[in-house]
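There are structures below to look over.
After this come two complexes, each holding subunit A, first together with subunit B and then together with subunit C.
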Partner chain A sequence: MTAAPPELDVTAREALAELLLSVADDEFVIGFWDSEWTGIAPMLEEDVATSSIAQDEIGHAKALYELLAELTDDDADRIAFGRGVADFRHAALMNHARGDWAFSVARRYLYETADAIRLTALARSGHEPLAQLAGKMRREETYHLLHADAWLRRLAEGGADGRERLTNGLVSLWPDAQEIFAPLAGEETLVREGLLPEPMRAMHADWQARVRPILDPMCGALPDATPTLDGRERRTDEFSWLHGEFTSVARSEEAAAW
Partner chain B sequence: MWEVFRQEDEGDPMIHAGNVNAPDEELAMHYAREFYGRRGESHRLWIVAREAITELDDPDLLKPPFDRSHKKPGGYIIKHKLEAAKQRAASEAGE
Partner chain C sequence: MVTRGAVVSREERVWAELAQIRDPEIPAISVVDLGVIGSVTVDDERVSVKLLPTFVGCPAIGVMQEQITARLGALGVADVVDVKVSFDPPWTSERITPAGRERLRLSGFAPPATAPTGPALIGLDELAVLPIAECPYCGSRNTTLENPFGPTLCRAIYHCADCRQPFEQMKRV
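Showing the complex of A and B:
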C-alpha cells in the first residue's frame, strides 16, 4: 500500500476517489456485458476479438480499482465484487443488457468515442499515477475504437436489416450515452486541483462535436441531449441481473482469498 | 481467407502463424491481431489475402523423378579428402 499523495486534502481525495470509481465502473460493467457474447458472436474470429476486448476492459477496471484502493486504503476485489447494486457509479449507458449484435456495436461505439476523449484528458491529470494509467489505457483503447468503428460502418453501409438494428440501438442509447459526462459531486475540486484537466461539460461538447457528424446522417438528426445529475446513479433490473452474475463466484465463498 | 505470418522480434524470419476468416482487410487485421498478437507474442504481422499468394505445388517441378542427390551437399563424400588435407597441412607445418 502506498499512502495517498500528501498534497491532497480530504476533499480532493474524496473527489478523486469518485472520479476513479466512475471510470472504473464504466470499464468493468461494459466489459461484463460484452463478455456475454463469448461463444455466440457472429463468427468465430469476432467471438475471440469481442471476448478479448471485453477482457481488456475488465483489466483496465482492475488497474483503476487498485489505484482507488491505494487512495482509500481499501481492497480492489472488495470494491469490484463486494458492493451492492446501488453503490455502482457507471453511466446509465451501461445499465442495458447486451441486446442484439447491432445494439452492442452501437453501445461500444458510443462508449469508445467518449472514453477516448476522457482518457486524453485524464492522461494530463495532476495525479501522476492516474495520468500514467490513462496513457497506457489509451494505447489499448485506440484499437478498441478502431474495432467498434469498423463494425459501425459495416452495419451502417450493409443491408437494411443491419442498418435498422444499428440505428435503433443508437437512437435508444443516445440519451444514456450522455451520462458518461454526467457531472461529479467533487468536480469543482477536481478541476481546481488539476486532477481533472477539463470539466465534464467541455468533454461532453468535444464528444458531441466528434460523433454528431457521423451519427446524425445515419440516424436522422439525434435530439438535443445533455448529461443529468443522476446519470451515474440510476440503476435497472437488467444491471441487477448482471450484478448477480458477476458477484456470484465471490459470494459463493466470501471468506476465500482469491 | 487471410494467411497470417508473424515475427517474434525485429530481424527474425516471418513465420506462417495460421489463418483467419474475415470479410475484408480491415477486419482481417483486427482478427490477426487477436489470434496471433494479443498476448504480446508478436513484433510484426503480415496479413495476406490467400488469393494474393502464388502457389507452386507441381510435383514435376518440385519433386522430379530423377536422382537429385548431386544437387545436395550430401551428394559429395568429402570425409576422406578432408582427412588427407588435414594430414598434409599438419606435416607441412611440422617441416
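Showing the complex of A and C:
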C-alpha cells in the first residue's frame, strides 16, 4: 500500500487520521461484540455466519489501522491493542454488549445500513489507498447487509416474542446509531480536501431516508434523532469489559512480537 | 534490447514458479489461477509482486506472502523479493482464470457465478448476491443457498436438490 500523498498538510493529515480511526474502531468493536456469539448462536448456520462476519469486520479494522499507522508512523497492533478505553473513537452504538439475538440483529441492521452509505462515499475519497480499500470492503459488506436484512425481516414477520425483542432493540439503539455520523473535529478540512466526499450530515440524511420507511412501520414512528458532538467519545462499563477481554492477550506479554 | 529480452525471461520464470504455488485454503488452485497476483516486475535487484487478497480479512494472506517470498527467493532471479498486499485493482471473482474455475469444479467447489441472477436486494447494485450455483457434482442448477457464510470467508454453502449433496461455492465478490 502506498503512503499518504506528501501534499497533505499537518491539519489534513490529522483530520484524515481521525476519520480512519473512527471507521476502524467501529469495525473493530462491532467485530469483537459479534465474535461473542461464536459457539453460542441460536443455530449452527448462524454460528458460522456471525463468526465469519466478525472475522470480516476485524480484518477490515486491521487494514484501516495499517493505513492509519502508515499515515502517523505508528504500529497497527499498538493502535488496536495498546490504547486505553477513553482513546477509542467508535460510535456510541458499539458501546453496548451483544444482548440477546434480536438485540444483536437490531444493531447489525442499523450498523450495516449506515456503513454501506459511508463506504460508498469513502470509495470516492481523494486519499487513494482509502478509496481502494473502501471499494473492496463494500463488496464484502454486501453479504453482511444481506444477512442483516434477512434477519430483520425474519424476526419482524415471525412470532410476537421475536418481533417485540427486535423492536425493543431497534428503539433503544436508535439514538446511539445516529452517532455513526457524529461530526468529526477535522470534518471541514476533510471535505475541503476531498478526503471525505460528503459531510456527515448529508450521509446521515441519506441513511435516515433509507431506513425509516422500513423501521417506522415496524417500531411505530421512531423519534427525531440527530448525531451529537460527543457521539464518538462516550464510553460505557460494557465497553470497558470488552476492552479488557480483547486486550488481555496483548497485555499478557507486552514485549512479545506477534 | 538485449537486456530487455533477459528481463522478460526472468518475469516468465517468476510467473511459472507462482503457477506452482497453491492457495493455502483451497489447494486445488494456484495463486495465479485464483487471480490474486496483480502484477510481477523484475529488475536487477528486486522481484516485486502485487498480491490482491480475495477478502480483506483473509487470514491466508500472510501465509501466501511468506510462501511466495520463500519460493521466489529460492528461484534466484533477484536478491530481494518484495510481496506487497494491494487493493488496486480490487480482487473480484472475475479474476479467476477459466483453468482455475475448472480446477475448483473438479475438487468439488462451485466456481463463483459469472453474472448476477436474481433480483437486486437492499443496497446491492454492481454485486448481486444469491445467484444460483451450479452443482459441481452433477451440473444441476436445481440448488439452494443454505448459508452465504461457509468454513472460510470466501466460501458459501449450497445444497443440490437433484443429487442431494451439500457443496461449497467460492463466493462471488
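For the reader, a short list of remarks on this structure follows.
Going forward, the second predicted complex is superposed on the first by the 254 of 258 C-alpha atoms of A that agree within 3 Å, B and C clash if a C-alpha of one lies under 4 Å from a C-alpha of the other, contacts with A are read in each partner's own complex, and residues count from 1 in each chain.
Just so we're on the same page, contacts are C-beta pairs under 8 Å (C-beta built on N, C-alpha and C of every residue); 3 or more make two chains touch, one makes a residue touch a chain.
Quantities reported herein were computed from a predicted structural model and do not represent experimental measurements.
In the superposition on chain A, A:147 makes contact with both subunit B and subunit C. Applying the stated contact rule after C-alpha superposition, one finds that A:116 touches subunit C and leaves subunit B untouched.
Contacts of A:139 after superposition: subunit C is touched, whereas subunit B is not reached. Contact with subunit C, but none with subunit B, is seen for A:59 once the two complexes are overlaid on the shared chain. For subunit A, the partner with contacts to more residues, out of subunit B and subunit C, is C.
When the two complexes are overlaid on their common chain A, residue A:45 makes contact with subunit B and with subunit C alike. Once the two complexes are overlaid on chain A, the subunit A residues touched by subunit B in the first and by subunit C in the second are 45, 48-49, 52, 143, 146-147. Residues 43-46, 48-49, 52, 143, 146-147, 150, 154 of subunit A are the ones that touch subunit B when the two sit in their complex. Within the complex, the subunit C residues that touch subunit A are 55-59, 84-88, 90-92, 121-124, 127, 129-130, 146-151, 153, 171, 173. Note for the complex: subunit A touches subunit C at residues 1, 45, 48-49, 51-53, 55-60, 62-63, 113, 116, 128-129, 132-133, 135-137, 139-140, 142-143, 145-147, 149.
For subunit B in complex with subunit A, the touching residues are 20-23, 26-27, 30-31, 33-35, 38.
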